[in-house]
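Per-chain residue numbering starts at 1, and chain names A, B, C, D and E are given in the order in which the chains are listed.
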Amino acid sequence: MALLELSGISKSFGPIKALSDIDFAVGRGEIVGLMGDNGAGKSTMVKLIAGNFPPSAGRIVLDGEAVQFHRPVEAREKGIEVVYQDLAICNNLTAAANVFLGRELKRQVGPFRFLDHRAMTRRAAELFADLKSETRPGDLVHKMSGGQRQAVAIARTRLAAAKIVLMDEPTAAISIRQVSEVLDLIRRLRDQGIAVILISHRMPDVFSVCDRVVVLRRGRKVADKPIARSTPEEVTALITGAKETA
Amino acid sequence: QQKYRFAVVPKAMNNPFFDLARDGCLKRAKELGNIECIYRGPVEHEPATQAQLIQDFITQKVDGLAISVADVASATRSIKAAVDAGIPVITFDADAPGSARSAYIGTNNKEFGLALGKQLLALRPEGGKYAMVSGGPGAKNLAERVDGVREALKGSKWVEVSGSPTFCNDDVALAVQQMADLKSATPDLAAIVPIGGWPMFAPEGFKAFVNKNKKEIDAGKFTLVVADTLKMQLELLRDGYSNALTGQRPFEMGEKSMDALLALKKKEKIPEIIYTGLDTVTKETVGQYLK
Amino acid sequence: MAETGRLPGLDLDNVGRASWWQRGLFASQSAYVSLALVAVVIGMSLASQNFLTAGNISNVAQNFSFIAIATLGITLVIITGGIDLSVGSVMCFSAIISAMTMTALSDGSIAPWLITTVDGKPAAAVPGLIFALSILAGLAVSLVIGLANGFAIARLGLSPFVTTLGMLSIVRGLCYVVTNGRGSFPSGPDADLFYAVTAGKVGPLPMPFVYLVGLAIVMAIVLHHTAWGRHVFALGGNEKAAELTGVPVARVKIQVYALSALAAGLNGIIVSGWLGSAPANMANSYELNIIAAAVIGGANLAGGIGGPLGAIVGCVLLEVIRNGLVLAQVSSYWQQTLVGCIIVLAVLVDRLRTRGP
Amino acid sequence: MAETGRLPGLDLDNVGRASWWQRGLFASQSAYVSLALVAVVIGMSLASQNFLTAGNISNVAQNFSFIAIATLGITLVIITGGIDLSVGSVMCFSAIISAMTMTALSDGSIAPWLITTVDGKPAAAVPGLIFALSILAGLAVSLVIGLANGFAIARLGLSPFVTTLGMLSIVRGLCYVVTNGRGSFPSGPDADLFYAVTAGKVGPLPMPFVYLVGLAIVMAIVLHHTAWGRHVFALGGNEKAAELTGVPVARVKIQVYALSALAAGLNGIIVSGWLGSAPANMANSYELNIIAAAVIGGANLAGGIGGPLGAIVGCVLLEVIRNGLVLAQVSSYWQQTLVGCIIVLAVLVDRLRTRGP
Amino acid sequence: MALLELSGISKSFGPIKALSDIDFAVGRGEIVGLMGDNGAGKSTMVKLIAGNFPPSAGRIVLDGEAVQFHRPVEAREKGIEVVYQDLAICNNLTAAANVFLGRELKRQVGPFRFLDHRAMTRRAAELFADLKSETRPGDLVHKMSGGQRQAVAIARTRLAAAKIVLMDEPTAAISIRQVSEVLDLIRRLRDQGIAVILISHRMPDVFSVCDRVVVLRRGRKVADKPIARSTPEEVTALITGAKETA
């Protein structure tokens, strides 16, 4: 049984049909690459799954149970972690505070629960080190470079035991050094039985980690096949529309 | 019997003083029977809003207007517009001399100031430093009172400190704070003359201020002569929190306004200036006013 | 923004065409507030038979244009994402300076050569010159205040809210200082000209209304069909991007605050002409009404959205409510409460209309 | 934010350590405004030898705490990137409702069983109960207003400026409506208790000052050492990000507006206790002073920055200037102008300090 | 003579030395790849050249003339065009309006100069077509996908005759289809004698178009050599610090 199953999903923004009638499934411990031209609807699909907005039509089944998320936090509670394309970071907080935003570590003092600053800083430092990122947990995100911010967004997904991690162009702005770390991370997630949906425009990345590739074109699914039975050339042709379906 | 609708336009509806005028109008209108009194003004003291309201009343074709003038020049024009439209106009409390209004009913503000000054002089002929607290810098009637106080004390041993009068903009909290500030600024200040009742409209704040200076007041070294004679002020005077009050008669202003407008409607002659008089209250006489 | 035409070469199969009620004027806040206005007018005319009389309509036309010119100015500021709290004070100060200049020129205490005596009465040496100089003096001080606001905000980088809040206080204080608390009024040989130009009528139309319509049309054209107007919108959209792409951000900002102050100044002079006086507490706390009018008309305080039509509709709505309540003999005390409700309702309607997917 | 410690494993050779004056408290607006405050105090004490007398200091301590509690509340709102213009009206309304409740309970017009007669005079059946109920009534209406603000802003998505501008008008109107323009007075057997609790002293310290310090300490701890406080800052930093990472954005927003209204309500009750009266124009246009105080103290209207210390310093500065100008016998006309200048100067100092490279 | 020459350039942000003592030159019609880890100082260098802020030390010589820009527009007037990493786009304007922002096309009507909406829309459509981007000139940028926005930012640089174009990760978010268009564009720029500085984390892109590669590491220049004499492996080693200098 698939871990996540989308059936007949559509989404319109006024006159724009961002997604039309998508069927799509991800199995436990599977890495699916989601590719497509700009504006094909990839981010829209991620946001639907993550509960940012409801689909216009269709249903989502997670772990055999039909779900209807109204807020992102509900999706997270069901084990869906997301790295957003625009990173979702608060500039006025430190890197550590951003990593733990919404699930701060606390310490009981009498009847009160206070933030455990030290534990959060330490854990954030470990996560950054894991990602081989030179991000300082105590620095304000405000001053950080594009890649450092991306590291913060990725570190965040490692906090809880997720069932599925959605990554919307997680390697867009980060340097090669960390790209391989992120890809390694994705493989490690798979080995733990966690499913990953990876959105990327980088063909080599997709072909090096993914088990399966799904191609969207103008809101429709035009391909869904095991990576082993496809080639970068074919996927490119599907993305650009040179080839209609696979 | 002919029915009339008279509009009473105060300077500001947030001032308790005008509530008394309103009550006077309403009472008299009820007594007369054939009069409806519409009480409506700007909520805050602002001349353009008052002028617009008068326009609206002209449109409504009310039968008479009684206005407490917020700004002389602008009211002069509004009054002309009303009279041109055949609506008789009188002013009350604050006048617009030289306008087309038929009569003014209210206090002679210069006299009012003079009375306050004379009260102070009577209580403390030996003189000293004094300060005043005023409402807003824009109000002509208040400016006349300030002049009156100054005139009454001219030639006496009383000298006004610089920075006086302070303006509380009808904010009673600010009025009390300013009294405290004035006393701190000049520790040997011998008198404060608020030319309106504002600080006493905050009775506890006023008491706190007085209690801090209780010794000086009891020793006759610090004197408080306050304008207006609202009930809470009389009570404070009775309990020893001020030395004397001088008050106007807003209730009568309201009553007389209705009479005057009715007379104008009946084409009767009325005097151009009707002073409603002043009440001078001291500790000795406060009892009879509190009845 | 005007270009919504479709291009032939670019037809994407997953992109439809917006329905007519989702496009152009119909999709704007102004349209919805205009609807609300019509509803209110109908309601008022049922509540009081005096409401739709010629006299009252002309009153309303006059009254709303008293704040509408200032609202046009502040709308520009709001489009850039700023705010101007000093407009009420500027209205008053400019009126006072105009009136004082006219008085001083007329009694010869400055530039006595402008005054001659005809039949024992003082008269202007050059007809209209005293009038023109007085108006210019009022507008000049407004301009200076606007430039000061703009300089502090654009060059020193201060927050518009705080800068103009400070200016509100500074300028109101100056109104009291220069007049010794009493205000002033226009007088002298050109006073009648002054009254005619500010409070007269052209045919059935009150002068302020004529000015307003003229200025609104100019503003609409400038906003949508000149580079400067485009830059005003760009500033409200993304100031940093505007800076990086070569929009003269600081200059545009300074201009916008200067125009807002000028509009307020002009508005103040017109109101003082109608009042026949420039009292020192004139237009006290009008800034909140003016901002409310702009916002009701669809200007977005976050910047990037707004226009003259909306500003005018907002002002009309506020005035119709004020006037209507008086005519319907609702207590003044309720007026404030109702105006507050209308403000919230207007933005609520807009919000429900644009409610997300 | 508290974590600025360095981590051993991470030593980058191109990253130095910030000099002491660029870090922590010293780098904050509060520090600079405190310096400005000290300068003003020195200046004032030179200008008037009465400035530093015990009596005057206690005056100042009392007066500034009249707006300081509301400023604490609004600071929370400002940190989330919002604004609350309704605080002045809420102060007044809550005071009026408290006083009216006390009067009604005391004369038996509601719940007459709370009143007995002792020696022919009315007395409370349960000591302190009337007092407690009155205060609760005032706070309850504040809470309702705050929740309404919060609901409109967080759930309906209206702009905070417009919502609270509307509420300013609505609530002020209600103040006039419920009292018929007159205001009201606390009276009855518990009135003395009411005065003691709101305007009394604990040793040399005025009660309002004691409440203020207590609330400020709680607020500092909550802001910096609880998840809720962190979320308040996150909202001001990037609301969308906060939402996506699971911060209960709508709930925190509603709470923040509710707290702001509660603080204003409490402040209003305290002021009315000191005045002995709750006039219907009480705290009129105080919102501008309160916001100015918060901003002078370093709260950033763009959101994400601010704290209780700054709020208090801002209030003290405003009060010291007001008091000092009276003491220095400066003409009242100039006071408003000077206060405006100080507001602009305070933010200018902050701006110059943080001026980017 | 080099077109653009930086000598001894340093830039500090408070305690952070983002750039230390950089010497660097670009010739006419040369494509230089600028690589480095996240936070290495690449964007800072671009912003210095583009006049966003002045260097803390050092001098910039353009076309033989020492320049000191105080505002970005001054740099642009000297022929420096930039695609910023954060795109510099106004969400409330249309794509066409964004492309022409700051240099609108105008039409004389009597004494006035009005916007020429039609000409701008047409020209923007051409530019997007050139880039093979499916961006509609009349649409609000507000609703566009990440890649569509990037197309807007790139289209902008084609408006004027530039001497040098700085591109800060121009291909980060765009799909493979357009990546090759952007690379083509870069080559066409070179052929017109325009110099290009390309910042990218994508090794293949850099190696396929650049003539020379410069590597920054923690604010210092650690390599500057012709692409022909380097390899992706070497550059990777330089970026990660595995190799100290080249």
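Following the convention adopted for this analysis, a contact is a pair of C-beta atoms (placed from the backbone, for glycine too) under 8 Å apart; a residue touches a chain by one contact, two chains touch by 3 or more.
Labels paired with UniProt names: A, E = ATP-binding cassette domain-containing protein; C, D = ABC transporter permease.
These figures come from a predicted structure and were not determined experimentally.
Peer 1: Treat each pair of touching chains as one step and give the shortest count from chain C (ABC transporter permease) to chain E.
Peer 2: Steps on the shortest route: 1.
Peer 1: Measuring between Cα centroids, which chain is at the maximum distance from chain A?
Peer 2: The most distant chain relative to chain A turns out to be B.
Peer 1: Could you tell me which two chains share the largest number of C-beta contact pairs?
Peer 2: C-D
Peer 1: Measuring between Cα centroids, which chain is at the maximum distance from chain D (ABC transporter permease)?
Peer 2: Ranked by distance of C-alpha centres from chain D (ABC transporter permease), the top chain is E.
Peer 1: Compute the distance, rounded to whole Å, between the mean C-alpha positions of chain C (ABC transporter permease) and chain D (ABC transporter permease).
Peer 2: 32
Peer 1: Taking the mean of the C-alpha atoms as each chain's centre, how many Å separate chain D (ABC transporter permease) from chain E?
Peer 2: 49
Peer 1: Can you work out the whole-Å distance between the CA centroids of chain A and chain D (ABC transporter permease)?
Peer 2: Whole-Å distance between the two chain centres: 43.
Peer 1: Just give me the whole-number Å value for how far the CA centre of chain B lies from that of chain E.
Peer 2: 73
Peer 1: Give the residues of chain D (ABC transporter permease) that touch two or more other chains, as numbers and ranges in rising order.
Peer 2: Residues 12, 15, 176, 180-181, 331-333 of chain D (ABC transporter permease) each touch two or more of the other chains.
Peer 1: Listing for chain A: what residues touch at least two other chains?
Peer 2: 13, 16, 134
Peer 1: By residue number and range, which residues of chain B touch two or more other chains?
Peer 2: Within chain B, the residues that touch at least two other chains are 13, 43-44, 137, 167.
Peer 1: Under the touch definition given earlier, write down the residues of chain D (ABC transporter permease) that touch chain A in their complex.
Peer 2: 1-7, 9-10, 12, 15, 221, 224-227, 230-231, 233-234, 236-238, 240-248, 303-305
Peer 1: Applying the document's contact rule, which stretches of chain D (ABC transporter permease) touch chain C (ABC transporter permease) when the two form their complex?
Peer 2: 85, 152, 156-159, 161-163, 165-174, 176-177, 180-181, 285, 288, 291-292, 295, 300-302, 331-344, 347-348, 351, 355
Peer 1: Where on chain B does chain D (ABC transporter permease) make contact in their complex?
Peer 2: Within the complex, chain B touches chain D (ABC transporter permease) at residues 13-14, 16, 19, 43-44, 137, 161-163, 165-167, 170-173, 176-178, 180-182, 184-187, 201-208, 212, 232.
Peer 1: Taking the complex as given, what residues does chain E use to touch chain C (ABC transporter permease)?
Peer 2: Checking each residue of chain E against chain C (ABC transporter permease) gives 50, 52, 71-73, 76, 82, 84, 87-94, 96-97, 101-104, 106, 112-115, 117-118, 120-121, 125, 129, 134, 136-138, 140, 156.
Peer 1: Per the contact definition, I'd like the list of chain E residues that touch chain A in the complex.
Peer 2: Listed in rising order, the residues are 13, 16, 35-40, 43, 85-86, 133-134, 143-148, 150-151, 169, 171-179, 201-204, 236, 239-240.
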